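Two complexes come next, and they have one chain in common, subunit A, joined by subunit B in the first and subunit C in the second.
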Partner chain A sequence: MGDLLGLVAKRLGFGLLTLLVISVIIFFMVELLPGDIAQAVLGQGATEENLAALREQMGLNKPAVVRYFEWLGNALTGDFGTSIVTGERVSTIITERFINTLFLAAYAAVIAVPFAVTLGIVVALLRNTLFDRVVNVLTLTSISSPEFFLGYILILYLAVKTGMFPAISSLRPGMTFWELLDRTFLPALTLVLVVTAHMMRMTRAAIINLLASPYIEMARLKGAPPWKVIVRHALPNAWAPIINVIALNLAYLITGVVLVEVVFVYPGIGQALVDAVSKRDFPIVQSCCLIFAATFILLNLAADVAAILTNPRLRHPK
Partner chain B sequence: MSDKKQVLLDIRNLRIEGYTGEEWVPIIKGVDLKLHRGEVMGLIGESGAGKSTIGAAAMGFARDGTRISEGSIEFDGMELTTASEAEKRALRGSRIAYVAQSAAASFNPAHKIIDQHTEAPLHYRIQKRLEAQEDAMDLYERLRLPNPKEIGFRYPHQVSGGQLQRAMTAMAMACRPDLIIFDEPTTALDVTTQIEVLAAIRDIVDQFNTAAIYITHDLAVVAQMADTIKVLLKGEEVEQAPTEEMLQSPREDYTKSLWAVRSYQRPQQSRPEGEKPVISVQHVDAAYTGGVKVLDDVSFDIYRGMTVAVVGESGSGKSTAARCITGLLPPSKGQVLSNGEPLPPNYLNRSKDQLRQVQMIYQMADTALNPKVRISEIIGRPAQFYSGLRGADLKHRVDELLDLIELDPSKFYNRYPPELSGGQKQRIGIARALAAEPSFIICDEVTSALDQLVAEGILKLLDRLQKELDLAYMFITHDLATVRAIADEVVVMQNGKVVEQGPKDEMFTPPHHPYTDLLLSSVPEMDPNWLTTLLEERGVENVGEAADV
Partner chain C sequence: MSVFVIIYFACLIASSCLAAYYEKRPTFLTLFSLTLISFVLGIVGGVPALRFVATAAGLLAFAAGISFAFREFIVIIAPANISKEVRTAPLTAAFGMFVIFTYAIAGIFAPWIAPYGESEVIASAFAMPDENMLLGADQLGRDMFSRIIYGARNTVGLALLATLAAFFMGAFAGLLAATKGGWFDQFMGRFADVIMSIPSLIFALLMLSIFGPQVTVIIVAVAIIYAPRVFRLTRAVAGNVVVMDYIEAAKLRGEKTWYLIRKEILPNSTAPLIAEFGLEFCFVFLLVAGLSFLGLGIQPPTADWGSMVRENATMISFGEITPLIPAAAIALLTVAVNFVVDWMLFRSSGLKE
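This part shows the complex of A and B:
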């Protein structure tokens, strides 16, 4: 177990290093955006003096490297600056948005992960049957349809035609948890449809991959029924690749939801990012990107640790 | 064996087909097999004889890609070929059990040994969990496993190969089946470990009067275990007889040829005078990164035109010594000389000529040859690299090498390794080593994955090449029969040290180092009483006594 802690610490260190590199990339990519930020903020009618004053105030005259370190230093203390457009603190704007995104991601994940893994086990059990093929075609269809298209289809059938769920997922303060679940059901369902196929197919593949192993034949020759062969003998050895794909999809649920949030007018971080980009609100853009990067790194780390925990050789050394 | 005993398993005219991807071809071509309660039948034959397929069929089981096309399999009055999947499943693990070749691969790495043991009894509701665990510990004790109360609670990777094989036998016994199929249960083990497992299996089968089918390619092993022996060749029965009779007077030519292989022996040579050794290993220590020392002050010399056999159990350091000579693992102390000149420890620092001198042939020809590369290129590549041959010269050289290993160039030049048999693949491995025109070849267990007849062919080929090309061989093996057949000198290794070395005739004549003695006496002999006698000599009490309490 001591080894495991060491490993986690090491990976965490590498993760922080990666994050640092990404912060450099993000900062200078935003720098490279064409046009003048001050001009964009003040509009076409601004005078030269006003522009110069704003540049001075925002520190735009200092060299980029100096501004990078100032930004990084502030970010480390939790200060991500203020929005250029509204003047609000970035952390205030983003925190609420990020919580909303996490909520939606968790909602989708709680449905999608157990569903995908169970479905993967079932199709592995019924491999090469009609059921297997139908599920394959359906999940392939859902993964290859753009999510805004899926979203609009769901709105058409589940909101407009039947009125079962609200078409728009805007939130207001004081909603109960159940209202929240009801209101965000369609975007969550859209996300479930998008991520299920990947996880389901990996579960199926990882299990079927093991079926030729001698210990699977042994289990069969001990008289274990087919479901037990899969669930008890194959699945525990198949977790590592499945967990990795789950982590990738969880990361996608947080960082890839822009389109879904826009379709359902859901106040998440993706929408904030799109707004900020169009308005050149670069402190918000930088912070969103950093959060996305950190999410990826943390989830991958979690996947590695979980994969190690499912390997008896590493859990119980000689 | 007598008629008054009840017939337990009756297989008549069994035909099994396998799917090649295009068509169904016969694997088992009409085999009959009759087994009585408490009888042990040995099934022997080379690979491809269909031994394992028949073993699985006795459980009503056809592996993926095979099907039982004809015949009947009657187990205790129940016809398995027409039984439903559920009916057959109900027999497996409870009335017919299976012990696989590699216990390390056949235990599920994700579960504790005892949980796998109790799976069948719990599934069939024969015992409650605690009872089943108690019973498992009892069986572990009868099979003489160390710490029988505790060993089951370990994971498979925490237990040695020989112990796992015994734990698997215990697992097969869990529901006290009427029949156990042993599928090469000791093939993957060292001779010294094999003895313990053989003794344990024999005793436990005896105690519970279990019938067994014992599948192996090793005649001496089957002689210890079986009441009756059935010889198979390419899916057909050659002959069947009680063990004693079969050993003393086999009727068929094929059986006689199997018996005869073990007598091949070439004359022993002595060291050439006034020459420096081709390879001299001097006081070499070696360790893997961060690990313990695996070689401890190892020294031996190999002279031109001679074969030095390096023997020992797995983990004794035989292969590590080879890695030091090739420069794959630089020694931490000592050095390796070639014709008196020190070789750079790391192969990266060796010149082309130094690299050319030392070549290797590997145990698994299957994995040592790239399946996607033509034979012409496998052999041509080192010829081109070391000798700079191109175009017509290169083609000529490859043809010459194929001729040397007795394969027709016009047939093999453009083929791929998967199209070849095991013996042919190993010949390609030899040609690839020869292509460099080496003076010294390391043969790492080159015959242990091959059938006896094929292995003998390889040994004879190596012997001929040695005479023609004046080669020196380092022959790594755990098989003392091979040593007896081809070695001039023998180096015995144990735990990374050389415990004894010298000319072969001296090594095979007493007095020996105690470890050499242990190795030599552990090699099964054709005498059916060999195991019994040996166990008595070693003073191991018969575990049967423990059972009679």
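This part shows the complex of A and C:
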């Protein structure tokens, strides 16, 4: 067991280090601005006094390294500073939106994961048949379509033409859970379509990869039926790659969510990020990027740790 | 029961009988199961459902026919060694090549094909299609069709430039790392890891918010984001080549690094690199389209598919499909490239299962 814990600890340490490096990149990227943030915010016509006042307010007079550590320390305690444009606390803008985004991603994941894994196993079982080829072409199309294309197609056919679901996912406080599910169904479905295709193809590849190994040949030769070969023999060894696939795609959901939120005008953190980018509201951009990157890395980390933990060779050392 | 339904079922049953007679088992199974499904569909959805199936099948047959013809065309005009390869290509790959070819023509000859200029206002906003305007007008009264044609040049051109930049940076760094080895290799590897652990869209948004949405910034941002992926692959492919005896021999001859890369390593790792270029292009194309959809890509009035979708999105709530055409154009090209890449990967890996 010592080996296993060591591996996990090493992976966790490496993940934290990556996160630190990324926070450095996100912070110092803004320092690359021609002039400084104050100049960029106020524009060319700003007077010296205004510039100095804003610099004072934002603490730009301190050296960048000191500001970085202050920023990081505050971010760790949940304080992301104030917005340049509106002067609101960034944390109040972001917190609720972040919860909304997590809800949307979770909604999509709950539908997509079981569906994709089952479909992946079925397709691996029926590989090289007509069904496999049709599914292959369909998933390839789904992967190749931009998220906004899928989103608008769903809006056109499921909202505008048939009126089954609302086209815009505006949320009000005090909605019942069912109302919430109904309102957010189309954005969730868009995400499901994109992620399922990825996940299914990767599950299929993971299982087919395993089917080439000698012990599967052995199971087949002793006369086990095909579904049993896959479920009893291939699947236990395929869990590690499949869990990896799931986590990778959940991480992918986190970025896919930005475009989908904009299409459906969903009040999530992706929408906040896009708004902030066009207004050049750097504190919001930085905090959103940090949150997205952290979620992305944590999911990848979880994938690696789960892969280590489910690896039969590591769990039962000789 | 309408004439359409009678013809529909007569065609299906006649062709399944033909398939059965000539002992084409898979074709027969497909056709006959389609007939059975059509019975159910016809009862549930009525004539519109059957019409939809017929249109879909017709489109599919049309696509298959055109791919077949295009493949034969390439086989005839290409030199012997290429035509031998193309002859074995699946229809999907031929379809992909046909689509890429069409887009290339549209992009290169845009000013001659498009009836109007890309920023020429010729009608009122959202005017309906007429004999002058194939697809109607957009939100400022510009010809939609002309803008889609110009979009092939602008959007695909930008994605291609960005992919080339990412590819050359990544491939060069990868080859150098494989040849040099040592700390340089280690450093580049870690660096690539860090860049790859930031979600690509987020990283692009961060860079665009700082440097502003200009074409050069987009190209550089995309190159920085995607170069690490190319680097990884090149490093892996070249790593297998570097340990070969002939490289050792060349080193003993006293050849320099640059010669080794150019004359010994590169020719032996082109096949996977070309496939990777196609894949990379798909990612970049989707990213660039996403950025321009968010209003951070090519700036107006230049025609660009992503921003066209966003600007005309209001038409969707009136049940119009015109705003979806640029988005469909993006999807079609990505699918086409994917089909071709699939075939190339299949061929180079020699996979049979």
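Going forward, the second predicted complex is superposed on the first by the 289 of 318 C-alpha atoms of A that agree within 3 Å, B and C clash if a C-alpha of one lies under 4 Å from a C-alpha of the other, contacts with A are read in each partner's own complex, and residues count from 1 in each chain.
Everything below uses one rule, namely that a contact is a pair of C-beta atoms (placed from the backbone, for glycine too) under 8 Å apart; a residue touches a chain by one contact, two chains touch by 3 or more.
If you're wondering where the values come from, they're calculated on a predicted model, not measured in any experiment.
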Is the arrangement of subunit B and subunit C around the shared subunit A a clash or a fit after superposition?
fit
Of the partners subunit B and subunit C, which touch A:276 in the superposed model: first, second, both, neither?
second
Examine A:237 and indicate which partner it touches, taking first as subunit B and second as subunit C; both and neither are also allowed.
first
Subunit B versus subunit C as contact partner of A:109, first or second or both or neither
neither
Using the superposition on chain A described above, determine whether A:29 touches subunit B (first), subunit C (second), both, or neither.
second
Contact-wise, after the overlay, does A:285 reach subunit B, subunit C, both or neither (first, second, both, neither)?
second
Just subunit B (first), just subunit C (second), both, or neither: which does A:262 touch?
second
Tell me the contact category for A:225 with respect to subunit B and subunit C: first, second, both or neither.
first
As a test of reading the superposition: which chain, subunit B or subunit C, is in touch with more residues of subunit A?
C
In the superposed arrangement, does A:212 touch subunit B (first), subunit C (second), both or neither?
both
Looking at the superposed set of three chains, what is the minimum CA distance between subunit B and subunit C in Å?
5
Please report the subunit A residues shared by its interface with subunit B and its interface with subunit C.
212
Complex contacts: residues of subunit C adjacent to subunit A
26, 29-30, 92, 193-194, 197-203, 205-211, 282, 286, 289-290, 293-296, 306, 309-310, 313, 316-319, 321, 323-324, 327-328, 330-331, 334-335, 338-339, 342, 353
What part of subunit A is in contact with subunit B in the complex they form?
212-215, 217-225, 228, 232-233, 236-237, 310, 312-313, 316, 318
Mind listing the subunit A positions that touch subunit C in their complex?
18, 21-22, 25-26, 29-30, 32-33, 127-128, 130, 137, 140-141, 143-149, 152-153, 155-156, 160-161, 167, 208, 211-212, 251, 254-255, 258-259, 262, 273-274, 276-278, 280, 282, 285-286, 288-289, 292-293, 296-297, 300
Under the definition above, what is the set of subunit B residues touching subunit A in their complex?
56, 59, 61, 63-64, 89-94, 97-98, 100, 102, 105-111, 119-120, 123-124, 154-155, 157-158, 171
